[in-house]
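Below: a set of structures, written as structure tokens.
Heads up, the next two complexes both have subunit A, just with different partners, subunit B and then subunit C.
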Partner chain A sequence: MKGMGTKPMEGQSNMMEYVIMTFFIFVVIVALILFLYNWQVSQSSLDSAIEFSERAVDMAGSVMNSLYFTKGTTMVVDPMLDDSKLMALNATEGVCDMLENVFGSGWFVEVRLIGDEGAEEVDCTSGNYPDCNKWSLCAQPDRESAYFNLPVNVYRKVAERTDIGIMTVGVYSE
Partner chain B sequence: MFGLILAGFFLYFFLSYAGVYSETEESGIRLDIIKNFKSAIEDVYKTGVSVTFSQFGESGMDFDLSFDADYNPPAHYPSLVSNVQSVRLMPPSIIVPGDEVFVYRTYFSLGWWKLYFVEALPDMAVIFASTDAGKGLVNDIVSHMPSTGQAQVDVTFGFCDEGDLYYDSLCDGGSCERTGFQDFLDSGFYSSSVACTATLPESHRVVTISGSCSSAYAGEGVCLTPPDESGIGYAYVHGSQEQHVYRNIFDVLSLVLGGDEGTMQGITGERFYRYSTNVFREHIRFAALMTANRVGMLAAELGTGPECVDDYLALGNTLESISTLLAGDYGDYSDSIELAQLLGQADAEYESLLSKGCEVREYLL
Partner chain C sequence: MFTVNERKGQTTAVLLFLVAMIFVALMMMVLSFSETVDQNEYMETYLNSMLISVMRTDSGYTDDSCKLVSDLIWCGIMQPSYQCGGGAEQCHDLATEKVTHYLESFDVLKKNFRYFFRVEPYNFVARNEDGTPIVFEIGDPGVEEAEDRLVASYTIYKQKGYNSYILKAYLFITKA
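Right, the complex of A and B next:
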């Protein structure tokens, strides 16, 4: 009699074990899928953030080695910016479109001379050159950007001397 | 039974995930290699330090890489296209894909400006079938190609005269890379007035230079007429009836290195030629406009006294004319002659500024 009473109980308990195990495995699989999905999403957003800042660094290198910005007509190992070229770029109509044709789209450059402490920042225009200390090309203040600052030498053509400046090169998110 | 079904389900899940994951990983590796190639080209363009890029061959993967040379900004920029993704490539370049490529920078000078461009070349033999009148152009082509003496990639040169090939034993019993070939050119030249029919080495480019080149050119590779006194000539590519005007060494190398291979987009040499023409137009138009503004501003700043002013003003006017010409629908032979004359004039005016010390002469080490 005892035996007849325990068999259905065993069957039920085995069934419960299977159900619990299946449920547990299902939860593990779903958790695994969610984990891998999240990992891939976070990885790709990290990759795009790295790519974004790498673009800024690359762009800084391109500007620093471009004859449109640097002194002379030869690409050299120790280039310096030429203020007469920065000025000429500022004065060229449709300069951003032309720069985009050469370097690609979605970037800006700004150069500020480091003068005497407390010296006022003066944007360079065709009217005040060479008595000015800041050039800005293709800046779009409303757009999100990653940027990169680096110290640069700036050759001052009219005065025939070299000043030190900070160049900011940035790229806009696409 | 239930256990078997469960195990099967697990196996299926893991195998399919592993399959998708390995495919994604492989695509990622391919993309990384293409981006590394792009970086190598950009670095060589910036620094001028040549490199051998061998990751395509080392990976053992199929990339199906090509250079989409359609440069039509802002609608379309050139890019490296593969079976994974395409990446934009801004430095002026001539890219010939291969398992191992030598990346090299060269330039041509207009005096007041230099146009730099990169060549990425696999093992290649450039074979000339040229009349004596083409010797200068042969020299010019060779001097703008890499010297691969110590590199893993071999870019070599030789001659062809109808059925005779002068290639295998031209330099110390072997084939010539650039330096050896230039030494050879100093003392010798195998002239040919007919198309090359010899059996050629693998991965070759045939360059025929002859006054009789025409749209009916049936030989292999490209046929170039010797340049006139302005440095301009006509070019014809095997498999096409089109006549092209070449104006500078960038045009010539685009045609030669692109070659006569037909693709879905057209003959590679012709695609590269259109690219070099557009790159020259965009870059030099902008450079001329910017430099004209620069010299105009400097002339105004220096006042009327110093001797630089007149030369600055003259150069500014010439550069404005160049910019205007390039902005228009230039392209035929007469426009090219006019452009060459203006470029020559600007070069002379810049030289005058250099000789007076108004601009600083640079010496290349």
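Right, the complex of A and C next:
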């Protein structure tokens, strides 16, 4: 049997080399495309999460600087929530529509006092005020939201006392 | 010396290595551009609000020296043996009790973080009757030295007659 010459073998090995090389470059390009695609997807979801939480932070700032919620007069805003104002807002029909004109749409505020250890959470209504410790405005429990917790002081108007609490401010996804 | 074939093999290996390096470099560059949510920024805001809120909370006593938690702390350092509301407990002990209670009302501090709260007189030294300096510290002192600690501060200012006194309160936290 006649063996193959050195030249054809060399040609074959060169061809194999190029095939492997092309395959390798192809794999790298595909991996790169997949990686960039995943990165793009995760970045855009991260961007929207950041935007979402920034809206919640802005909303928290707006609440703490608004006389609708805080103790103070038109001249000086005291960065302390006023429970009588929270109560009044809570008891007003259609208050969320009204506040939408000031703060925009799709948000909620919840304030909960935490000073009394072991005290049960009691939602404030016009019937039990001031013997209550939780106020909730414009909450829609079935909607997805991003929220921001912040320690706050709450001025208890009837007792003329300052208590400590946690304010949860959130925004709903569109 | 290398033969022509061996050189060709070497060239291919170098080429493959270069392609792999370009791929890795590109990946690292893209990853370095990626944003992350800065959790520290949020915690700093939370911590500052927590300290301010605790300081401004009513202690439950009506005397001027004891009304707010910050008043109690001032009393605990400047008049440590004063008894709020004519009760049995002295200011210093009451201040320690109230600050601990309010700080530990925050679940996040109780469960996920260690904390250290310290108050020091600014530009003066407060001393006990026996001459030892009065210290006001609550929590784990090691937190102050922790590498990843966050800190919030609050100034307590009081005027007594013609003298004004400043106390600096610091709250340090680090992950538990």
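Following the convention adopted for this analysis, the second predicted complex is superposed on the first by the 163 of 174 C-alpha atoms of A that agree within 3 Å, B and C clash if a C-alpha of one lies under 4 Å from a C-alpha of the other, contacts with A are read in each partner's own complex, and residues count from 1 in each chain.
Rule of thumb we're sticking to: contacts are C-beta pairs under 8 Å (C-beta built on N, C-alpha and C of every residue); 3 or more make two chains touch, one makes a residue touch a chain.
The structure presented is a predicted model; accordingly, all values stated were derived computationally and were not measured.
Annotation for the three-chain superposition on subunit A: subunit B and subunit C fit side by side. In the superposed model, A:Ile25 lies in contact with both subunit B and subunit C.
By the document's definition of touching, of the two partners only subunit B reaches A:Ala88; subunit C does not.
Of the two partner chains placed around the shared chain by superposition, subunit B is the only one that A:Val158 touches, whereas subunit C remains out of contact.
Touch criterion met: A:Met80 reaches subunit C, while subunit B stays clear of it.
Our summary of the superposed model lists a minimum C-alpha distance of 9 Å between subunit B and subunit C. Touched by subunit B in one complex and by subunit C in the other are residues 25, 36 of subunit A. Those residues of subunit A whose C-beta lies close enough to touch subunit B in the complex are 18, 22, 25, 29, 36, 58, 61-62, 65, 67-68, 71-77, 84-85, 87-89, 91-92, 95, 97-105, 126, 129-130, 157-158. The touching residues of subunit B, counted against subunit A in their complex, run 2, 6, 13, 17, 42, 45-48, 73-74, 77, 88, 90, 107, 109, 111-114, 116, 282-283, 285-287, 289-291, 293-294, 297-298, 301-302, 360, 362, 364.
By the touch rule above, subunit A contacts subunit C in their complex via residues 10, 13-14, 17, 21, 24-25, 28, 31-32, 35-36, 39, 42-43, 46-47, 49-50, 53, 57, 80, 114-115, 117, 148-153, 161-166.
Taken in their complex, subunit C has these residues touching subunit A: 5, 8-9, 12, 15-16, 19-20, 23, 26-27, 30-31, 34-37, 42, 45-46, 49-50, 52-54, 56-58, 68, 101-102, 105-106.
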